[in-house]
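Here the chain labels run A, B, C and D in written order, and each chain numbers its own residues starting at 1.
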Amino acid sequence: MNETMVTVVGNVATTPVYRELPSGPVARFRLAVTARYFDAVKNTWNDGHTNFFTVWARRALGSNVQASLAVGEPVIVQGRLKVRDEERGGQHWTSADIDAQAIGHDLSRGTAAFRRVGRADAALTAPPPLREPEPEPVG
Amino acid sequence: MNETMVTVVGNVATTPVYRELPSGPVARFRLAVTARYFDAVKNTWNDGHTNFFTVWARRALGSNVQASLAVGEPVIVQGRLKVRDEERGGQHWTSADIDAQAIGHDLSRGTAAFRRVGRADAALTAPPPLREPEPEPVG
Amino acid sequence: MNETMVTVVGNVATTPVYRELPSGPVARFRLAVTARYFDAVKNTWNDGHTNFFTVWARRALGSNVQASLAVGEPVIVQGRLKVRDEERGGQHWTSADIDAQAIGHDLSRGTAAFRRVGRADAALTAPPPLREPEPEPVG
Amino acid sequence: MNETMVTVVGNVATTPVYRELPSGPVARFRLAVTARYFDAVKNTWNDGHTNFFTVWARRALGSNVQASLAVGEPVIVQGRLKVRDEERGGQHWTSADIDAQAIGHDLSRGTAAFRRVGRADAALTAPPPLREPEPEPVG
């Protein structure tokens, strides 16, 4: 209850980083979300503010994100927003993370060929861990 | 302002119907959205109520939906909800439509290979009209 | 998971109907949600489509809705959308309900004086049941 | 298009600060939004992560927020999320702002008496400026 759910449409800004943690696969990437406004007088679209988020995809979603997303691709992401404040090395640091529930390529920009992956398959096709499991970093 | 925006995650329930209208391509399909609840006592997921929507995809999104979506595929859809009441043949009729802004395959269920389509391409690759343009039906 | 959450801003269209059920208080009212579009060329706002919903408020929210809302008041409502299809008296019938989690007067249209109500108070101040509990009607 | 709309339910964490700017009245306050999870095994609600936002209310909404909201009150807020990164005094600084479209007291926690304010009234009842207009601060 009272979770901050968001749905954002934007572009993958960094190559997804994938890892195997004890809790399962996790992939993360930066997402750029630029608001666009229609100028009815000039009949043109103008860019507004760009929000950047770190998107986290876990378990099967993490494996499939790793196998499917590349920098620059347009996506729609739904998930829980977490705004985090931290003190690191004497610096105040805030990040805006989205813990994703669903992610998909935005078909308003192109076509996509989908292949269903079962849970067993997801485990089998998951790439090997990049390094030892550790506490998840922020950002 | 005051639009009813929704984001839903569900399954394509009917083959998309595609048409060329004077205003551009339009595809529509039925979407089944089933809520799922976790029973922490039994440690299982249970199905809840299923909402059905008619999803409308216009212009490039319509062409790409036609080229990408098949019955049973899991999708995430963001758009404007329109609840319509009508009198047809003496029958009261209500429908729940979503005028989609973004649609994507849900990567929590599988992988997707994306191919960007430019606007010019979208026009060129659009299939020929199935029949004469006419007022859009509901449902 | 996969619930259809919506947030709508509109006007109370019917006087809330309040009842005491075995599961607790419940209030329901019709809500009219009219999209508005800014015409930048004419510099005016125009009305678009109006969505009607039946809003359900349960437990403390139900009691407080009953004590606070009147026809015509502007409100913001967040909750789960349920689109229901039924056969009643040979008629096909669909309704769009919102099972509300939070409801508030929209302060963009006026001011509000708030008084916190505890759970004990909510039970004490709840008006007596209007009639015997029965299965909840739709619409 | 592609704006990051959010709806959050939380508590007013700071007294609204009100100012008259050349563009009209503006009020801002900090909002604390704490996710809550139901533990079905223990039959209790537990607190999760708390998101903090700076909420901005402009024009009539700003005047009415100033006249209606106090620290600790529960509210529902809908608006555009803006995540901002800045360099100030050698420090990296990120803030999460919500440019509000609608704000209301959450009736799941208490009752509210609403009084409609017309546009003319809003101007008349607006309190005098606290100080000279200046660029809006972040945070």
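In this section, a contact is a pair of C-beta atoms (placed from the backbone, for glycine too) under 8 Å apart; a residue touches a chain by one contact, two chains touch by 3 or more.
What you see is a predicted model; the values in this text were computed from it and never measured.
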Contact steps required, at the very least, to link chain A with chain C come to 1
Top of the farthest list for chain A, CA-centroid basis, is C
Expressed in whole Å, how far the mean CA point of chain B lies from that of chain C is 27
Chain B to chain D, mean C-alpha position gap in Å, rounds to 34
Separation of the C-alpha centres, chain A versus chain B, in whole Å, is 22
Shared-interface residues of chain C (touching two or more other chains) are 1, 5, 7, 9, 101
Within their complex, chain C touches chain B through residues 1-10, 33-38, 45, 48-49, 51-53, 80-85, 91-96
Seen from chain A, its contact residues with chain B in the complex are 7, 9, 57, 60-61, 64-65, 67-70, 73-76, 78, 101-117
Per the touch rule, the chain B residues reaching chain D in their complex are 1, 5, 39-41, 101
